[in-house]
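Letters A, B, C and D mark the chains as written, and numbering starts fresh at 1 in each.
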Amino acid sequence: MTVIRMTEKPKLNNPVLIEGLPGVGNIGRVAVGYMIAEMKAKEFAQLYSEHFFPFVMIQNEHEMHLLKNQFYYWKAKKKGQRDIIFLTGDCQSLSPQGHYEVSEKILDFVQQFGVKEIITIGGLATGEIEDKPRTLGAVTDEKVMKRYSKGNIDFNVGDKVGYIVGAAGLLAGLGKERGIDGICLLGETSGFPIVTDPKSAESVLKEMRGMLGIKLEMGRLEERVKEMEKFIKKVEELQKKALSQIAKEEKAPVKGKEQLRYIG
Amino acid sequence: MTVIRMTEKPKLNNPVLIEGLPGVGNIGRVAVGYMIAEMKAKEFAQLYSEHFFPFVMIQNEHEMHLLKNQFYYWKAKKKGQRDIIFLTGDCQSLSPQGHYEVSEKILDFVQQFGVKEIITIGGLATGEIEDKPRTLGAVTDEKVMKRYSKGNIDFNVGDKVGYIVGAAGLLAGLGKERGIDGICLLGETSGFPIVTDPKSAESVLKEMRGMLGIKLEMGRLEERVKEMEKFIKKVEELQKKALSQIAKEEKAPVKGKEQLRYIG
Amino acid sequence: MTVIRMTEKPKLNNPVLIEGLPGVGNIGRVAVGYMIAEMKAKEFAQLYSEHFFPFVMIQNEHEMHLLKNQFYYWKAKKKGQRDIIFLTGDCQSLSPQGHYEVSEKILDFVQQFGVKEIITIGGLATGEIEDKPRTLGAVTDEKVMKRYSKGNIDFNVGDKVGYIVGAAGLLAGLGKERGIDGICLLGETSGFPIVTDPKSAESVLKEMRGMLGIKLEMGRLEERVKEMEKFIKKVEELQKKALSQIAKEEKAPVKGKEQLRYIG
Amino acid sequence: MTVIRMTEKPKLNNPVLIEGLPGVGNIGRVAVGYMIAEMKAKEFAQLYSEHFFPFVMIQNEHEMHLLKNQFYYWKAKKKGQRDIIFLTGDCQSLSPQGHYEVSEKILDFVQQFGVKEIITIGGLATGEIEDKPRTLGAVTDEKVMKRYSKGNIDFNVGDKVGYIVGAAGLLAGLGKERGIDGICLLGETSGFPIVTDPKSAESVLKEMRGMLGIKLEMGRLEERVKEMEKFIKKVEELQKKALSQIAKEEKAPVKGKEQLRYIG
């Protein structure tokens, strides 16, 4: 049960999908959140899934809502720009299989709009504080690398990174099997238990500007990140609490002195 | 495999679904159990699921029965009242996905009777003994809050509660996606390992009276709760035993001195 | 994926299903195994399932075979007897859901032969060495108890036993939902980590004689149990080994001194 | 979701399936990898599955690709040889059920090419350094053993090996149910945490030569194994890292001093 509910059906011309879901340093979540806000992209679909945590969150004092991923669109304003579908949201899947199932659903959904290219965004934990975090890139195909060779993306990523977990990896990998081009941008970040790393997100956003032919002022980044951070932090803490609650329930010892009488 | 078996098909007029399944302090289980008994609601359907514990319980000395959730109905007696479907039962799902799947099945089922509003009941563990436990409320929509603003429900719930796990949350959250209004009532309770908290359930029941336009004497609550408690306690203990038995089996070390010879 | 492969389609007249799969003290496995051997019941179907351990066993020096459950039939020889379908096998499900799914498949299968009654056999771990182990009984319905009230089954089982896990419980419980009568016979056994408890199995077999109107000499029980024990013990040990192997793989720490660089 | 994508549809005559996936000592992976390289077998299909790890790997500096199993074919060159389908790949399933589901998919796939015999290859961990590792064999049927009795396979395997886990076991076991002959070759290996054991693989390859009527020079084995080892080691380490990362996330304690307030 993974459901995508469309609240508006936009007409899009050869759109690129840009994904930024929660992960290490929340680079993707923050970068895509900032683009959505600054570019005034419009929400048009929501995804919820049995692979997410089984709870509702409470926002705005008393409003319950399911954990969700959201789709936004943005239409090209001038030559050299492309239509964009943004994907962001509260969480990723709980279980390994869930990652595959949700990613396949997302690909089915965006292909109906003609998506032929996917940009995913993640963080690369280096274990060190990075003064000038770089943006690394992995691609599904040599030709995608060439397409973006003008920027400052470091494509010598293979010896620093072995694998990319979750949506950032699978959307590109499963997309490749469907003939969709994919590139994953990874912002270097310490990986320490921090909530978000705006500096690293900024490095990725600067690359995005060139890749998409868009203007994007960075002046409001810190401020916007602070706004987002509250919410992101809340979701993270709720998930940890819920996980430890579930774990506790599962480990609860049998109380009482009753004799052990079980049956097989 | 989640099955709902209907033993009677009642004709209901715009019924509200009221859910109270086992949880913290068993507030929902006790409150709904009391209403069913006092209002003489009639059982008309049972749900069982592969997401429940894989055992039968033994009741009445020697009778086996599957773990179940049950549906009861009650028809409005006079103006200002509504038809009601009550949902209660032995347990909730074992696995995260199970919560989603069972909740969806329940929604499919009650929608055929025209349910357009859901009231779920849960407990809020405060970590303290509450002398005068309050009833908090979360809603799917501002207009639901207004509908119930005459009572004493505390809708400033957002800073005390971050999320609502399981059926109490998901029935409301998934219902919202279907256009169903939802409100979750949370009775404050210590959260200490007690079986049931009648005081907290009473606080919720008092709100329910106003919300449903029904009379409900509280005189028999303690007595009824004692009756219910025996059964609820039994199920809880059985589940813990079964869980620890399963865990033990999974952790059982290899005995004997045979040489370790394994194959891949 | 749970498959039942039929190698012969017997014509049966109102058969009773008798289940004895591995469990506490292997009472059911041993009792049913003995009946099959002594009564010369004939194997006619095999069940295998993705819910069993993912390995093949090696028997007869070099022969691989899947873990299986097996169905045998026996046709009534004279008045007062009934046709019987026996169910036994190597193992039960690994996961909670698996128990439900496999039990439902078994019920679908046996209903095509007209099964309207199920006898399941299990062990009740008392935590004590039982000199004269009793046979306890739980039923789906009062009338089933009356049917078997002539024997020495102790139906005051409710305060000694709270629940019955796995196939012995679920076949009866899920069968009840289909209108099938069920009785579960539980042989008292210590529950200590012994492989099989022939004494307890004998107590159950003596009851079975009366219930089924059959002769069954007990003289070969010890001998047959010794034969069976070797195989049962082997399966138990293999499962434990496989479990600990799986657990070990899952817990294997990352070796090497490489810097931790992960991505989300 | 287990998908097999065919990039070429070869015409094969009564082909034998030879499986070698990662496992103890990677005997199967290495032996089949060597045959593919030396015999210049041609890749014609890829399998990916939700039962694999949810990540993409990065190869050739910056290229992402899904975890996969691959199918290769080789056509008989002269009399006494058979057409062959080789199966190898990055990994096996994460979960027990996954093993069954993926194996069934593989059998469905190869049966369309007329496969009636399967040779699987695995390692047998003996716990000791083996100077002259033997090749042991288990079969689905006596007649398969006779077919291969001319070589040096030790078919007295039953007292050394109890079970065969994963694809090497299940492909043979599930194939048997479909009327496919199967033999599993097990190369003795220490089982110590080494990456690959070329010596053991060589012992298996020598048997394969006779079984398949092929020439296979062993001169390049060490060299080829070194090439393969790098990649195999990388996948192993990535899986361990990913596993420990997942485990860590699941165990992450709740930080902060907030009061524990949870809801049921």
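Methods note: a residue touches a chain if its C-beta (ideal position, glycine included) is under 8 Å from a C-beta of that chain, and two chains touch if they have at least 3 such contacts.
The structure presented is a predicted model; accordingly, all values stated were derived computationally and were not measured.
At the interface between chain B and chain C, under half of the residue numbers involved are used by both copies, so each side presents largely different positions. Between the two copies, chain C and chain D, the C-alpha superposition involves a rotation of 90 degrees in steps of 5.
Ranked by how far their CA centres sit from the centre of chain A, the chains are topped by C. For the pair chain A and chain D, the distance between C-alpha centroids works out to 34 Å. Separating the CA-averaged centres of chain A and chain C is a span of 48 Å.
Multi-chain contact residues of chain C (touching two or more other chains): 161-166, 169, 237, 241, 245, 260, 262. The touching residues of chain B, when paired with chain C in their complex, are 1, 3, 5, 48-51, 53-66, 94-95, 234, 237-238, 241-242, 245-246, 250-256, 258, 260, 262.
Taken together, the chain C residues at the contact with chain B in this complex read 93, 96-97, 99-101, 104, 137-142, 145, 155-159, 161-166, 169-170, 172-174, 176-177, 182, 184, 193, 237, 240-241, 243-245, 247.
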